[in-house]
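Every chain is named by a letter (A, B, C and D) in the order it is written, and numbering of its residues begins at 1.
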Amino acid sequence: MSKIRVSIVGGAGYTGGELLRLLLFHPGVAITQITSETYTGRFVSKTHPNLRKITDLKFSAIDDLQPCDVLFLCLPHGRTMQKIDFFRKTAPRLIDLSADFRLDSIEDYRVWYRIEHPAAHLLKEFAYGIPELHRQEISKTDYVSCAGCNATAAILALYPLYYHNVVDHNSTVIEIKAGTSQGGATGNPATHHPERSGAIRTYKPFGHRHSAEINQELSLHSPVKVHLTTTSIDMVRGIHCVAHTFLKNNLNEKDIWKIYRQTYQDEPFIRIINERDGIHRLPDPKLIAGSNFCDIGFSRDPDTDRLIVFSAIDNLMKGAAGQAVQTFNIMHNMEETTALTFPGLHPV
Amino acid sequence: MSKIRVSIVGGAGYTGGELLRLLLFHPGVAITQITSETYTGRFVSKTHPNLRKITDLKFSAIDDLQPCDVLFLCLPHGRTMQKIDFFRKTAPRLIDLSADFRLDSIEDYRVWYRIEHPAAHLLKEFAYGIPELHRQEISKTDYVSCAGCNATAAILALYPLYYHNVVDHNSTVIEIKAGTSQGGATGNPATHHPERSGAIRTYKPFGHRHSAEINQELSLHSPVKVHLTTTSIDMVRGIHCVAHTFLKNNLNEKDIWKIYRQTYQDEPFIRIINERDGIHRLPDPKLIAGSNFCDIGFSRDPDTDRLIVFSAIDNLMKGAAGQAVQTFNIMHNMEETTALTFPGLHPV
Amino acid sequence: MSKIRVSIVGGAGYTGGELLRLLLFHPGVAITQITSETYTGRFVSKTHPNLRKITDLKFSAIDDLQPCDVLFLCLPHGRTMQKIDFFRKTAPRLIDLSADFRLDSIEDYRVWYRIEHPAAHLLKEFAYGIPELHRQEISKTDYVSCAGCNATAAILALYPLYYHNVVDHNSTVIEIKAGTSQGGATGNPATHHPERSGAIRTYKPFGHRHSAEINQELSLHSPVKVHLTTTSIDMVRGIHCVAHTFLKNNLNEKDIWKIYRQTYQDEPFIRIINERDGIHRLPDPKLIAGSNFCDIGFSRDPDTDRLIVFSAIDNLMKGAAGQAVQTFNIMHNMEETTALTFPGLHPV
Amino acid sequence: MSKIRVSIVGGAGYTGGELLRLLLFHPGVAITQITSETYTGRFVSKTHPNLRKITDLKFSAIDDLQPCDVLFLCLPHGRTMQKIDFFRKTAPRLIDLSADFRLDSIEDYRVWYRIEHPAAHLLKEFAYGIPELHRQEISKTDYVSCAGCNATAAILALYPLYYHNVVDHNSTVIEIKAGTSQGGATGNPATHHPERSGAIRTYKPFGHRHSAEINQELSLHSPVKVHLTTTSIDMVRGIHCVAHTFLKNNLNEKDIWKIYRQTYQDEPFIRIINERDGIHRLPDPKLIAGSNFCDIGFSRDPDTDRLIVFSAIDNLMKGAAGQAVQTFNIMHNMEETTALTFPGLHPV
C-alpha cells in the first residue's frame, strides 16, 4: 500500500514535535514537510532533540507547503481559522490541533474566545476529535478538530455519567493538575525555572476556555455548566483530573463499574484503574507519559451522594498528538493503535 | 525572666524535629529533654541533620522524663490518650500535636477513628489549637490540642465564610495537595523514591479524618459536612488547599475582601494574597516553607455562584510545630511571633 | 519464522519490568514465563503498572521454569552463579543482567565482590554485553553477561580514547550522577521520599564495583585504574557521566572528533552530541529516558591537557534491559534495533 | 546602640532579595534604601514575595541613593566598577557581591573577563570576602568583595589541603553541581521550565570564571591551576562540590581530619560531615538551604592516592548574601552569626 503523504504545520512547538515523533514511526505515513516560520531551513532535530539521528528533516515555511494527503495543523489558536481556505486547498484532509474548530457554536467563540469566527460556516464540518465519543463521525469525515487537553481528560472521565444521566448536571467540580508543557515551548517570567520549580500555581480558578468544550460534549440531555479550576504543578507532561460529581440516585460502586465498563470496554486506550491495594490504585499521569492511554478511576463516598472520578492523560499524547494520530488512523481505516503502542515507563 | 522548661515527647519524627528547631532559638525556652524510644541515647542531630553543630542533645526514653513546665507531645495518634495521666503528672501544661484531643465528641472518635476514647472526660479541657479561632481560650488553658495540618489549611480558608454564613454549608468541595512529609518519617513501599517521585496519588478520595475537625470548627450555625479529597504530589513540605464554595447571596469580590479583612486583619500569620498581575498571584506553599504563614486568596466566578478559596501552609509549621509554638507563646503571654519570624525563602 | 521462546527470571525488579516492556513488543519473541518468588501467581501488571491492559502474564516460580530458547536472568548479584547449571539446562542461551559473569578474572571477584566464584570455569564463556566493543563475539556466543549500568556509560565514553591510546591511562576521573532506580525496587530509609527528594548523595566516593568492569574493558594497552565517584541526585532514570581525561599529545577538538567518529560512526545507538549553540549542547539523560541511546560529547580545555567527555544513558535501557535486547538481536541475527526504536520524549 | 544605616543596590535580583531578607531581621541594621531601575517605585515584596507583610519598602533608583553607612552592591558583573566612585561617595563602606573586585590582578581580569579594569587601583583595597581565610583583613577594611558562589564552595573545601601543602597543586579536578538560581532572576529559553526541569546541563565544561578566584586563593605556595567543571541540575538553591585531589604523601583519614579540624575548628559556619552510617553521611545542599553553613566532608581512596573532598553551600547564602552579612558583622565587630542563625529545614 502506498503511504499517505502528510505534512505538519506549526511543527516547532511541543505538539508538533510530539506528532513528528509519532508519525516518523507510523508505517503508513510518509512525512512530506514540517513547517516553522521561526526556524525555516533548520534541522528539526535541533528543536526536537529527542529526534537526533532519527530524522534529517528541515523546517519549511508555510508558504512553501506542497500538496499532500493530510495536513496536521498545530498553529497557535486563532491562526488556522484565518488560513483555513489555503489549508483546504493544500490537502483534502485536515486534522487541526488548535481550538479553532472545536466548538459548534459561533456564540461560544464570542463568549469564550472573544472573537467573531471568520469561518463559522465550517464549524459543523469538523468532527470533534475524541474517538470514544465520535468514532463513527470521525471515520466518515475529512476534517477533525482535536479536543483541548484538559477537556479530553475531563470529558472522558465524565461522559459515561452524563450519558447515563446519573449525576446532577451543574454541580460538578473539576480540579485539574497540569504540567508546564501545556503552556507551550515559549517561555515567560512565570516559567523561569527558579520561579516555576516546586510551585503550585492556580492559573485559571474559573473561566478556562476548555470549559466550553466540556460543557458542549456533556450537554447530552440538557445544557451543562461545570465548575473547572486548573492548577499547574511541578510536572512537565501530564494531566491529573479529579471530578467531584453528585449522584442523582443512590448508585453503588458496582453500578458505577457497569456504567464505565459498558461505555469503554472496547476502547483500546481507556483503562479503568481502581485497585484495592498496592501502590498504584488510581490514575496517575506519571505512569502514562508518552502513551496514548487515558486511565480512569472513581471512588464512591458512602456518607454523601458524592462520586469522585479521576482521570490521567499525557497532555501531548491523548490530549493532543496521540489523539490526532488516533483519529488519523480511524479516518484512514487503519488499525487504531498504529504508532501508538508505547505503553509508558515504570519507574520514571 | 527565667526560662520555661519544656520537653518534647516523640521527638524523632518530622514534627518533633521541627519543634526542636524552633524551640532551640526561642529566647524564653530551655529545652529539658526530647524523647525517642527507638533512638534513646543517640544525638538528636543524627536524626535531624539540620541541627548538627546547633545542639548536643541526646534522646531520652519517655520513662526517664523529668518534671518540667510544658510538654510538647508528638506521639503517633492513639498513644497520648493512653498515657495522658502520666503526662499530666509530668507537666502542668500540655501541647498535644496528635489527633488525640482534637475532637470534642466521643462519638466523632468512634466514627472517624474507630476507637472508644479512654480519656473522654478530658476532651473538653483541651483548647483546639488554631489561634485565629480560639485565641482567648488558648490564652487561658493549660491544655492545647493542635489541629490537623490539612484541617488547619481548610479551616483558615473557610472560617470567615462560614462565620459570616454566606456559603451553602454542605456543598463545599475541598481539594488538598499534600507533600510527603505529612506521612511521617517512616517509609513504606509507596514512599520509595522511584515510585513516589513525580507521582500524583489521591490517597484519600473521601473519609480523611481531618474532615471531622473541619466539620467541627465550621459548624458555627448548623452542622456542616464538607467534601474533602486529598492528593499527594511530588512535594515534601506544604499544603495547597482549594475550596470550592457556593455563595448563598450574590456577593462580589469586594464583599468577600471585607469579610476576610475583618476576620484576619490583626492576625500576624495570615496574609491575603490576591494579586492582579505578576507571577505570584495566589497562595503557593513553595513560598512559605519553614514559615508559620497561612496565605489565603480567593476568586469569584462571575458566571456562577462559585467562590474559590485558596490557602497554603507549611504542614510542619502552621500545620504542626509552628502552630504549637504560636499557642505556647499565647499561653505564656509572650509576643505571639517569638521564634516564628522566619519568612520563607525565594526562590527555592 | 517461528518466534523465539524466552523467559525472564527475576522479573519483579525494575530491570525485569523494563525487559518485559521491550519483549512484549518484540516481533520475533514469544514470552513463555516471567518469574518472581515473592509475587508468584500475581499479575505482572500489578507490579509493572505501565503494562496494565498490555499483558495478562502472571509471575511463575523459578522451580516451575519450562524449557525455552533464551533465558534473561535478572536476579540480584550472586544468585545466578549459584544456579547457573540449572539455567544452562533450561535454555541453550543465557543473557545475564547481573554482575555474576561480567569479570574475566577470578581474582577480580575476590577483590571487588569478596567472593570465591563458584562457577569460575564459565567466566570465559560469557561475552561482555556491550555490542560496540564486542559485537563479533556476541554474535557467536550463547552466553552474554550484560554490563553494569555505570560501567556502560563510562566505557562507551572512554573506549575510543583508550583504544587510540591518546590519554593518560591512570589519571582519568569519572563522575557519575545516578538516578534512584539504580538502587532497585526495594526501598530503605535512605530512599524514603522526604529524605531522598532533592538530595544529592555521594554513595560511592570510591570503590564502586563497576570500576572493575571499566578497568577491565579499558585495559587495552596496559592495566588501567580509573578514579570513579558516583553520586545520586533527584532523578529516577538516567546516568550522566563526566570523565576528565588528560591527553598525552596535544590533540585538538577536530582530532577528537575523528577518533569518535571512526569508532562509532556505524553504531545505531551512539550519538555524538556537541552543539555550538542552543539549549541541548551536550548529552543529557533527560532526553533519552526509555530509549537505548548512549549520547556522547566532549570538550577540550584549551588551557590545559584536559579533555572532558560526557555520556548519558538510561540505566534501565542501554544500561540494562535495552542492552540485553540489543545483544539478543545480535545473537539471533535480527535487525539490531528491533524493539528498541523508541526515541525518548521531549519535553518530559 | 544606634543602628547602622545600610542600602542595597541592585535589589531586584535573587542575591539582593536574599540580602534584604537577612537584613530585615538584623538587630543592628536599619535599611535605608533598596534600588532597582526596572521596578523603581514598586513594593519590593512584589518582587520578593516571601517578604509580603514583612516590609513596606519600595524600590528606589540608584540616582536617588542617599548617603548611608554601608552599601551592599548587587549589580550585574561589570557595573559596579563603572560607578565605583559614586558608591564610594555615597557610603564609607562597601560590600560588593559582584565579581568586580574579587581578583587581585589586572591581568586576571583581562584573561577571565576580557576587560580592561577601569578601577584597577582599587583592587588591592578590597578584601576577598571569605572570612575563614581573611577574617583579620576583613575586620580592618572598609571594602569587601564577596567571593563567587562556586569559588566559595571549592575554596573552603580545598583550602586546608593547599595551606598544608599536602596535595598535588595542579591535578585537582573540581566538579560542581549547581542550581538554577545561580543564573539569576531573568529567564531565557534555556531556563523555560519544560526544558529545564529534570535536565542535567554542563554549562561550563572548562573556563568558568570562578576558576580564577579558586586559583588565586589556593596559590599559597606556588601558582595553582584547578580543573573545574560546572553542571546545572534540577535544583534551585545549592551547590554541591566534589574535588578530586591527589595526595603528595600517604596521609590517612585521621591525618586529614587533623588538618581540617585545625583549620576550621573555631569557625561558626563550617561543619565537618563524615558519618560512618545513617542517611546523611556527606554534605548535601538540600539540608542547608537558607542557612549560612558550609558543610565539608572527605573520603580517602585506600587503593590510590586520591582524596575526594565534598562541600555543600547555599549559593545565595554562604555563596552570596550570607557571606556578605557575615563580613558585615566582622567589619562592625558584631557577633559574627548575627542574622545568620537559621539552620536549614529537614525534611524539605
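Simple rule for what comes next: a residue touches a chain if its C-beta (ideal position, glycine included) is under 8 Å from a C-beta of that chain, and two chains touch if they have at least 3 such contacts.
Computed from a predicted model, the values in this text were never measured in an experiment.
Between C-D and A-C, more contacting C-beta pairs join the chains of C-D. With chains reduced to the mean position of their C-alpha atoms, the one farthest from chain B is C.
Distance between chain C and chain D, defined via averaged C-alpha coordinates, is recorded as 39 Å. One simple way to say how far apart two chains are is to compare their mean CA positions; for chain A and chain C this gives 36 Å.
Looking at chain A, one finds that residues 14, 181, 185, 189, 194-195, 197-198, 234, 236, 279, 347-348 touch two or more other chains. In the complex of the two chains, the chain A residues touching chain B come out as 171, 173, 175, 177, 189-190, 194-195, 197-202, 205-207, 225, 227, 229, 231, 233-235, 238, 240, 242, 244, 279, 282, 284-286, 299, 301-304, 306, 308, 310, 312, 347-348.
Touching chain A in their complex are the following residues of chain D: 14, 179-181, 183, 185-189, 191-198, 234, 236. By the touch criterion given at the top, residues 14, 17-18, 21, 25, 46, 48-54, 181, 236-237, 271, 273, 275, 278-280, 287-291, 293, 341-348 of chain B touch chain D in their complex.
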